[in-house]
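Common to both upcoming complexes is chain A, partnered first by chain B, then by chain C.
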Partner chain A sequence: MTPATLIVAGLANGSIYALVALALVLIYKTQDVINFGQGEILMVGGFVGYSVLEYTHVPYPLALLAAVVAGGALGAAIERTALRRVAEQHHITLAMVTVGFSVLIKGVARLPFGSDIYTFPAVLSSAPVSIAGAEMSPQSLITVAVALVVALLLFLFFRLTPAGKQMQATQQNLTGARIVGINPGRVFSMTWALAAAIGALTGVLAAPLALLYPDMGSDFLLKGFAAAVLGGLESVPGAMVGGFIVGIIEMLFGGYISTSAQQISSFIVIIAVLLIRPYGLFGRRPVHRV
Partner chain B sequence: MRRRILALLPWLALCAVPLLTNGYSQYIINLILVNVTVITGLNFLLGYAGQFSFSHAALMGIGAYTAALLSARVGISFWIGLPLAGVASAAIGLLAAISAMRLKRVYLALVTVAFAELLVWVLNNWRAVTLGTDGVNLPVPSLFGWDVDGDKRVFYVVLACTATMWWLARRILESHIGRAFIAIRENEILAQCNGINVPLTKSLVFAMSAFYAGIGGALFALVLGFIVPASFGLLTLVTQFSAVVLGGPLNLAGGAIGALLLTALPEVLRDFQGLQEVIYGVVLIVCVVVMPGGIAGLLQHLGVLPAEALARHWRRLPTPAAPPSAADGTP
Partner chain C sequence: MRGKSSGAGVLFALAVAAGASFAAAVVRAEPGIANDTIRIGMFGPLTGPVSMYGYPINNGAFAVYKQINDLGGINGRKIEVVMEDDACDPAKARAAAKKLVDNDNVFMVHGGSCSAAAYAARSEFIRARVPNVIMAATDDKISAPVNRYIFTTTLTGSQDGHTMLRFAKSNRAFKRLAVVRHDDDWALSRMNAIREDLKAGGIELVADEVLNRGASDATAQVLKIKESKPDAIFIIAYPAESAVFVRDARKYTLAGTMIGSAGMMDIMDMAQRAGGADVAEGVYTNAFLRAPIDNPDMQPYADLVRKYFPDTRLQTLNFNGMSGAYAIIAALKAIGPNPTREAFIDALDKLKDVDGGPGYCKINLTPDDHQGCHDAHMWMIKDGKVIVVGPTWPGAK
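Let's look at the complex of A and B:
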């Protein structure tokens, strides 16, 4: 494996971690909580896409759309049924609710699917293409492209649409947003729906590259954590860059050290970032307010 | 004095339990007692001090492995390995906590997630020391010629340790340290303004919680006789979270109730992991949203369970000198 091949493969995985980190950052910024269920939402997206493809044989984009809609509905439901009731409580309460949903979703997925491993068909199964001397499968190429498009759309959404601006306002100052007539409950639901829809989309993208099984989420969640921490936890471009870096580091670890070291590359990233630059590459030094 | 004797009575009554059990139910009861210790430790951290940490199950693994490896591979007696297990866990737990302490509180959860995965990875992959997935057998320990073999004998050892740890927990929580924990949970800046050394107290609660996890882990190794890294993963952690939340955070008796209710569940549903996870998930969500005081809070509300000693002392104070919201036991 040449370094270029490793880096290109890292970009494909990295774009998935970037999307996980993106969703984590979205929810963290609005509700000040880490969504520990993001990995399971990804898994749901993968399984919905798989089931739709397998049982209805519709074209791939429709399966993708079904997964995204299901993910968005799931996210909004989590927010509306549970999180909204405890939104103003101790941060442990909120985090515990997301842990609860993470376990619940995993358990529900295990009831019909068991702990078996499913293989998700690739969208395009043509020969790998060569870019700058590195081999890359079309599937990886699509993954990177979709991740970049999602980031761009998100950027435009925040800049151009009223809903996006309401979200930003709520993120910056909840009380202020309330005063100018924004309904924070609606914004919270929207944020969760958006983050979960991105999560489900990530699942459909990740499933062909990885394997599809109910426990797949926690691994992606950890890598997403590493990416978000690297990006400063509050920055959308930070999450994207962080994701790509984590993906590349992971492949380099696998290529030059060992495959078992690959599993812990993300922990090393998290710990190293927190020791060297705790507010991440794009974060600001935190200010304590009394 | 009379109250102290009364407090001893339930423990004395427990000594008669082996007369009523067969091998399997005795084994389950032993596991429950082990979990009472482990969950008391988690309750310090999660309930009293309000720190969200994911490393408790992994630290329990450190305790279990310390005791088992020292005994099986080095030949150090289990009775020395048991406190060493607590100390080893406390040291490693502190390491994670201190690195995260300087940062915003959300990083604590992230660091401990990474840390817990790393510890389990080490247990799995450092085969030269931990024997990896093959697991470790704990030799039967012997106390002055009395072999601790069989579930009934193990029971008395576990009971003595659990009772000691329980007593210790009460003493700590009724002292100014216990109040400092709650003050930190409610408002760190306010706690600091009241002369509480926040970093020191946080380090203390992490070390104590990890110490309980380590002792619990060593006892777990004693009860099972054989340990593998998989016992200290995510599912165990979720069970522990559920036990704290279901029984009642901010309440020692609550931890015991949670341990009592949730220890048997993985045994009953051994072949139905999906169903187990659904139950834990529902317990976590429903308890946190609808019943934040857990079962203990409910029982206190109904007047069945007396309020914790900590809260009783507080109510006797003539002026609201203590943080007011901590006294009612709800987050």
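Let's look at the complex of A and C:
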């Protein structure tokens, strides 16, 4: 067993966790709330992509686009119809709203799809390719590549576009953003749409690897949350690095220590890291001006 | 005066007689039994994450009851079914059992497709002395040690494990065995039986790897098993995780014959999830049904499901609870026109070689053994189709 194969497999899984973490971080930075429905948004993306592929037989990129658009619309709708109304309430209230949406979305998905497990076709054949002695499926390769491209695009979006700058300004200082004429409601909607679009994209990438069913999102949410905490909860690069680390740790733990503890391995390491760096790898200690 | 007193005496005697016969009738009335119906309770995961084991399984058994009703019922009584949801949750299962027993007054219960839920409901049936024939749950501890009120006609976990190892041992070339499994009670009941049989020698366990429920990747498990160079690999996992393992086993060119537990019986469905029939070519699975659903032997039972549940998508699960329904019908017929629960239990205890319909087993129950099915056989995917292999390796003596 080569460590390279395990690390590469860990990177593929880790890129899914990283994208989930990225979406969680975006919303957390804007509204100080963890979106407990992010796993279900991922699931919605998977099912939209699957349905478009299955019933319209369009090329894969179009199915991916449809899922991203649907995810974005769902995110904006959640923000506009529910979160906006309780935006000034305690964070726990906001978190409970996202829990409610998590349950609701899962329940609605069961109406047409039941609890059956669906197979999302892989974009490319399952025959592995060998890279530097490590075996990797083309699907995994695409997943890693897309995760890196999304992170890069997000970086450019925040740096180069007015919308990105408005979102950053709102995240940094809500009152200040209001004073300079930024509409926070619009920024919140954009953030939710962006995070949900990333979630839906993640669903289309994850579905061929993980199979497709209404409950598929829970495990990804948990791992994505772990990745976000490890990275620092407010750091976009931290989310990416955290995701890759979680993916690699669980693979190496399963390969060299025990498969029975594989699922909890990443959490053990995260607890250890947080004991040393309580604000995560890329997080900063909050400064309170007096 | 005398006449008056005599008339009053007669009236009094008639009243006493009427009261006595009414009281006797009340005493005799058996819960769930009316002049023209027998009420049977069912429960299972009708909602929730594992609801795929709910209606598909229950409706298969229900179809058998509907057919018997159309043929005139049992001793003039038609079977009425009351269905409750346990959502595969032990607490909800106990509530469902209580409702069936105390509110619905069912005669007996044919239900329990989730092991944890069926085990939780068990104590309610024993308390109320209501017979429960397990629908499809496989955990051994539900039906053993023997309790007078609990029966099963499905292949239990330990029997699943025993028959898997028997099959592997029938190929004398198999010396090294690897196992990939979940770490829950469902998988342990099979694994414990396998470990017990391995003591007899002949095959060595070279790897025992855990694949967690909900796993979407089996790279670590496949690579560790590959290092152990097994001749045969047992897959003791639910269908989705089995598909993940088979997919990754092919991806990393894992050698060795893969043999699934009965949890993988819907093997073509598993193959599709793994990437297609060619991915699962040469993979075996233990099976407690007599044949795959497209086999002519299964036609009468498939027709039954299609007739009474025309909107249902026919799948292997539809047949999982039918053998219990045939056993229940056989016992009800045996006890004649005045059924009681105790007589019904006595009749179940005497069932011998009852045809389990689509089930591979003949049902045999005794007061000392309430697990009615001890046998299974193997299916495999060959040339893109599911074929019946038999209880031992092809050509083995």
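The rule we apply is simple: the second predicted complex is superposed on the first by the 282 of 290 C-alpha atoms of A that agree within 3 Å, B and C clash if a C-alpha of one lies under 4 Å from a C-alpha of the other, contacts with A are read in each partner's own complex, and residues count from 1 in each chain.
The rule is simple: a contact is a pair of C-beta atoms (placed from the backbone, for glycine too) under 8 Å apart; a residue touches a chain by one contact, two chains touch by 3 or more.
Predicted model only: the values in this text are computed from it and were never measured.
> Could you look at A:Leu211 and tell me whether it touches chain B, chain C, both or neither (first, second, both, neither)?
second
> Looking at A:Gly185, would you say it contacts chain B, chain C, both, or neither? Reply first, second, both or neither.
In the superposed model, A:Gly185 contacts neither chain B nor chain C.
> Between chain B (first) and chain C (second), which does A:Arg85 come into contact with in this model arrangement: first, second, both, or neither?
Touch partner of A:Arg85: chain B, not chain C.
> Applying the touch criterion given at the start, work out whether A:Gln263 contacts chain B, chain C, both or neither, answering first, second, both or neither.
The answer is both, since A:Gln263 touches chain B and chain C.
> In the superposed arrangement, which partner chain does A:Gly254 touch: chain B (first), chain C (second), both, or neither?
The answer is second: A:Gly254 touches chain C but not chain B.
> May I ask you to name which of chain B and chain C touches more residues of chain A?
Here the partner covering more residues of chain A is B.
> May I ask you to decide whether A:Ile271 touches chain B, chain C, both, or neither, giving the answer as first, second, both or neither?
first
> Would you tell me the residues on chain A in contact with chain B in one complex that are also in contact with chain C in the other?
110, 114-115, 214, 218, 260, 263
> For the complex, which residues does chain A have touching chain C?
Counting only chain A, the residues touching chain C are 1, 5-6, 9, 13, 110, 114-117, 119, 122, 126-128, 135, 137, 206, 209-211, 213-215, 218-219, 251, 253-255, 258-260, 262-263.
> Spell out the part of chain A that touches chain B in their complex, as residue ranges.
Per the touch definition, chain A meets chain B at residues 28, 32-34, 82, 85-86, 89-93, 95-97, 99-111, 114-115, 214, 218, 222, 225-226, 229, 233, 260, 263-264, 266-267, 270-271, 274-275, 278, 286, 288, 290.
> Touching residues of chain C toward chain A in the complex: what are they?
Listed in rising order, the residues of chain C that touch chain A are 48-52, 183, 209-212, 214-217, 219-221, 223-224, 226-227, 239-240, 243-244, 247, 250-252, 272-273, 275, 279.
> In their shared complex, at which residues does chain B touch chain A?
Per the touch definition, chain B meets chain A at residues 46, 50, 52, 99-100, 102-107, 109-111, 113-115, 117-118, 121, 125, 185, 189, 234, 238, 241, 245, 273-285, 288-289, 292, 331.
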